[in-house]
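Here the chain labels run A, B and C in written order, and each chain numbers its own residues starting at 1.
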Amino acid sequence: MRRLPFTALMALWAVVCLGPLVWMVVNGFRGNNDIFLSAVGAPEWAKRVNFADAWVQGDLGRALVMSVLVSSAATVLCGTCSALAGFALSRGRLPHANAIFTFLLLGMMIPTFSVLIPVLTQFQSMGLTDSPVGLMIVYAGFSVSLGVFLFKNAFDQVPREYLEAAAIDGASVPWTLVRVVLPSVKPTIATFAILTFLSGYNDFVFALVLIAGEEGRTLPLALLQFSGRFGTRYDLVFAAVTIGAVPALAAYLFLRGQIQRGVAMGGRVS
Amino acid sequence: MTGTLRRWSLLFLLPALALYLTVVIVPSISVVDYGFFDWSAGQRGRPAGLDNYVEIFTDPELWAALWHTFVLLLGAMAIQLPLGFLFAVLIHKRHPGSGFFQAVFFIPVVLSTVVIGVLWTQVYQAQYGLLNAALDALGLAGLTHAWLGETGTALMSVVVVVGWQYVGLYMLIFLSAMQAIPRSIYEAGELDGAVGWRQTLTLTVPMLLDTVKLSVILVVTGSVQYFNLIWAMTKGGPANSSSVLASYMYVKAFQDNRLGFAAAVATFMLLLNLLLAVGLQRLFRRDPLEPA
Amino acid sequence: MIRKVAAAVLTAMALAACAPGGTAPAPSAQDGSTLTIWTTANGPGKELFTAYGSEFERSHRGVKVNILYMADADVKQKVQAALVAKNLPEIVAWYGGSFLTPLVEAGALADLTPHIEADGKWREGMLPHAFDNYTVNGKIYMVPTESPIVQLFYNKDLFTRAGIARPPATFDELLEAIGKLKAAGITPVTLDGKDGWPLQEWFTYFAMRDGGANLIHDAMAGKVAWTAEPFVQAARRTKQVIDAGAFQKGHMGTGYDEAMANFYGGRAAMVLSGTWITSSLTATENKEILARTGVFDFPTTGGPGTVADVQGGPNGALGVSASAPDKALAWEFVKGATSAELAGKLAEQALLLMPNKVTIDKAKTPDLFDELVDKLPGYTGYNLFWNEILPPRHNTEFTNLQNSMAIGEITPERMMSDFAAYMKAHPA
């Protein structure tokens, strides 16, 4: 029975993890006054209208699409760039490859927050403020170090024979990269994609300063503004934040293994 | 072949370099430059020499923010690392319910910071918040607070959420490190009588030292620019009692309209981060426990 | 019920009644042009504003109106960021005084004077002092959309329950009322201390009562020291109110909505608020609260300031970005948004005090609003909010010190001497 205290501890932590989330969903199904009168209470099916209201009033659908688009585009852009660079540094027999690699990794030690002001001014001069494209470039840029690190290391593990065989067949370099090298590092691609997507999806500082209009708002921005603007409609705030949590929870439900592997690996390399 | 490969490789390097220079390197250099100006939005900057830095080192608000950053860092570490480690060990030992607990503990990691911030702001709410309701139900009404509203509790309340968010992450990092330890080492240890918790202490912990160090570096360097939950929950208040370096900088830049000064603060954060990252790596490398 | 039509608020003008109703000839079609507007409008005023935006789209074919509603604190930060990014929207809500000057100096706002002068009829519909706070070097840069004042609002039922016969008129009576409410187990005052400015309004009122309305201007001009007795006394009074337990638990970290919800929900007896509260009161779920709410003048302290001096005046102003591609179109929008016609609707339906000359039909508006309107002629001194007089960085310092004082880290004397030192080191 030595196990019991540990089981109890784990069960307790599970409650701490899930409790607030369950409370959030339940309160999304309660009336504003009921929430006020008591923190905990039974949900009412009739109050499902809260979700529709939050969705419409907060324009959450558009914000969600914007978040997914910007983060995916950043992932693709940065993934392409860093896979190419990773290949060049791993297999390109370039002079000073190590120095270039180290230079590219410096970014991991630079706090993104400290470049907030210059990014704002420089993107302004390039006409990239208030544009999802600008935001995408920022998110992509911040993941270059991680991407190059992951891809270079992964490419280093690809057996030399694969490349030699391709070369003998007369395959071009890009063809070799796309058809031979990349397919053998699929787990790295997944890790990279998950980490880059999540960092863009979670950001709100750069969205806050770069995006001015309602059209380019990402989900975190929409949620923050929602709780600022409908602060007294607690029922709607609960519904909105539930809506905000659903995409990530759904993705986790279906891709649990992938996400856990990706994030754990990201934690170890950063 | 080598010639073509090189030419292709040079070409392959360009997009990543361009992106990296635009978003990371050039702005990092500019921010240092901006820090030497007295400059506000829409106006031409005036060279200010070291004035901004003199102010940085004499402004008690900045030191308070630095201290809060430090508290946040230590507090988050004190929650994340031990709990993450303990849970990793238990799950690694296939404690009953391991699969379930592993899945559940990781949920907060995937939620976005704003979702967590808004949700926990409600949890801490004084009148209808979950925490006060739970305390009331447990007969601990005397312990209720306006958690984010009192100077004595605001920072710690955010620290707890930061910990809450990442216990699952460190659990997973430790767990995957444990799973990478070859079985043969345990088998050899078992012959020497290392079983159960003893095994954990004598075998697992030393093997995981590298991972622990990496995690510490990760937490430390992530904390210097910690902003998201602070901003989503307290905006540094009440009365600056939960301000951190990043929120201090943000306020200076976008509330006080002092971009030059904020850039100097950003430079300070940048240098501090580099210093900590390099310093920690050095410190850990000298560690006598580390196998050569 | 007798239909009582009062020529009220800000003088009745026959003109307002027959103001042209959106029949102005539409300027030439501006295909594909977009007007983005950042505004702090909320509550029923927001709905009217949205309706006006759609109406504008209909009367100006091809123009897309994109209105972004923001909280006060958000708009302040977004505009600063937009100044750096040079992506200010075509039309932006902004503030006067020390907030306006940097934008004008940066050349970020278009000079509206020529447009205003060309529109004599429209200008007639505005109160004479409407532009005072938005004029720099003789040029008008913004047009106010509201004219709120700050007063103490109270819940009549809770006052009765605590045995308070009439609203406090003096500082001592205020403390006494706070004591009675506390004794009755009622939160006396709800405060959103998270934002800094609400507590600053308490301080400002005390300073105005103790030192007269010109105190801050004299101090800014260097004629009065920041450590002068009325300032220190105001800080002491603020602290006294806090120490009397006037505010709810955790008041220093309570946000605006949360604090107001305490009042709407009948859980706090008083709130020091802008008159826009009447608008919000109509929109809360607690249908009885509007009828139970009364208003009284901020108490006097025995100093030279009188109840005729209030904080507030023309506010929520709209300006046109200097980089707006079609400034005439943007002006057209601002003009319509501040027309007597829309102002009349905002007053009657959203219960807002307006910087326009409007007539309201008192039969249609609740008593609380009528009471406010009736009080208006008694107010002779409109005083800018201090956070518009003090430049942003000085105001941040002020609120930092004020908050430290509020939580007991420093004494009221120290608060003002530190602030004096700051003002000396960094002249405004």
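Rule of thumb we're sticking to: a residue touches a chain if its C-beta (ideal position, glycine included) is under 8 Å from a C-beta of that chain, and two chains touch if they have at least 3 such contacts.
Because the structure is a prediction, the values reported are computed rather than measured.
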item: Arrangement of touching chains [line / ring / star / complete / other]; value: complete
item: Chain of greatest Cα-centre distance to chain B; value: C
item: Highest-count interface - the chain pair sharing the most C-beta contacts; value: A-B
item: Chain A and chain B, separation of their C-alpha mean positions in angstrom; value: 16
item: Chain B-chain C separation of Cα centroids, rounded to whole Å; value: 39
item: Residues of chain A touching at least two other chains; value: 36, 117, 121, 209
item: Interface hub residues of chain C, defined as touching at least two other chains; value: 77, 81, 84, 258
item: Multi-partner residues of chain B (at least 2 other chains); value: 127, 253-254, 259
item: Touching residues (chain side chain C, partner chain B) in the complex; value: 76-77, 80-81, 83-84, 102-103, 105-108, 193-194, 248-254, 258, 267, 392-393, 396, 400, 403-404, 406-407, 409
item: Residues of chain A touching chain B in the complex; value: 3, 6-7, 9-11, 13-14, 16-21, 23-24, 27, 35-40, 77-78, 80-82, 84-85, 87-89, 91-94, 100, 104, 106-107, 109-119, 121-122, 137-138, 140-142, 144-145, 147-148, 167, 173-174, 198, 201-202, 204-205, 209, 219-220, 223-224, 227, 234, 237-238, 240-241, 244-245, 248-249, 251-252, 256, 259-261, 263-265, 267-268, 270
item: Sites on chain B touched by chain C in the complex; value: 40-43, 61, 125-127, 145-151, 154, 234-235, 237-241, 251, 253-259
item: Residue numbers on chain B that touch chain A, as the complex places them; value: 1-2, 4-6, 8-10, 12-13, 15-17, 19-20, 22-28, 30-31, 34, 83, 86-87, 90, 95-97, 100-101, 103-115, 117-123, 127-130, 132-133, 164, 167-170, 172-173, 175-177, 211, 214-215, 218, 221, 224-225, 227-228, 231-232, 246, 249-250, 253-254, 259, 262-263, 266-267, 269-270, 273-274, 277-278
item: Residue ranges of chain C in contact with chain A within the complex; value: 36, 38, 42, 66, 68-71, 74, 77-78, 81-82, 84-87, 89, 255-258, 260-261, 264-265, 284-285
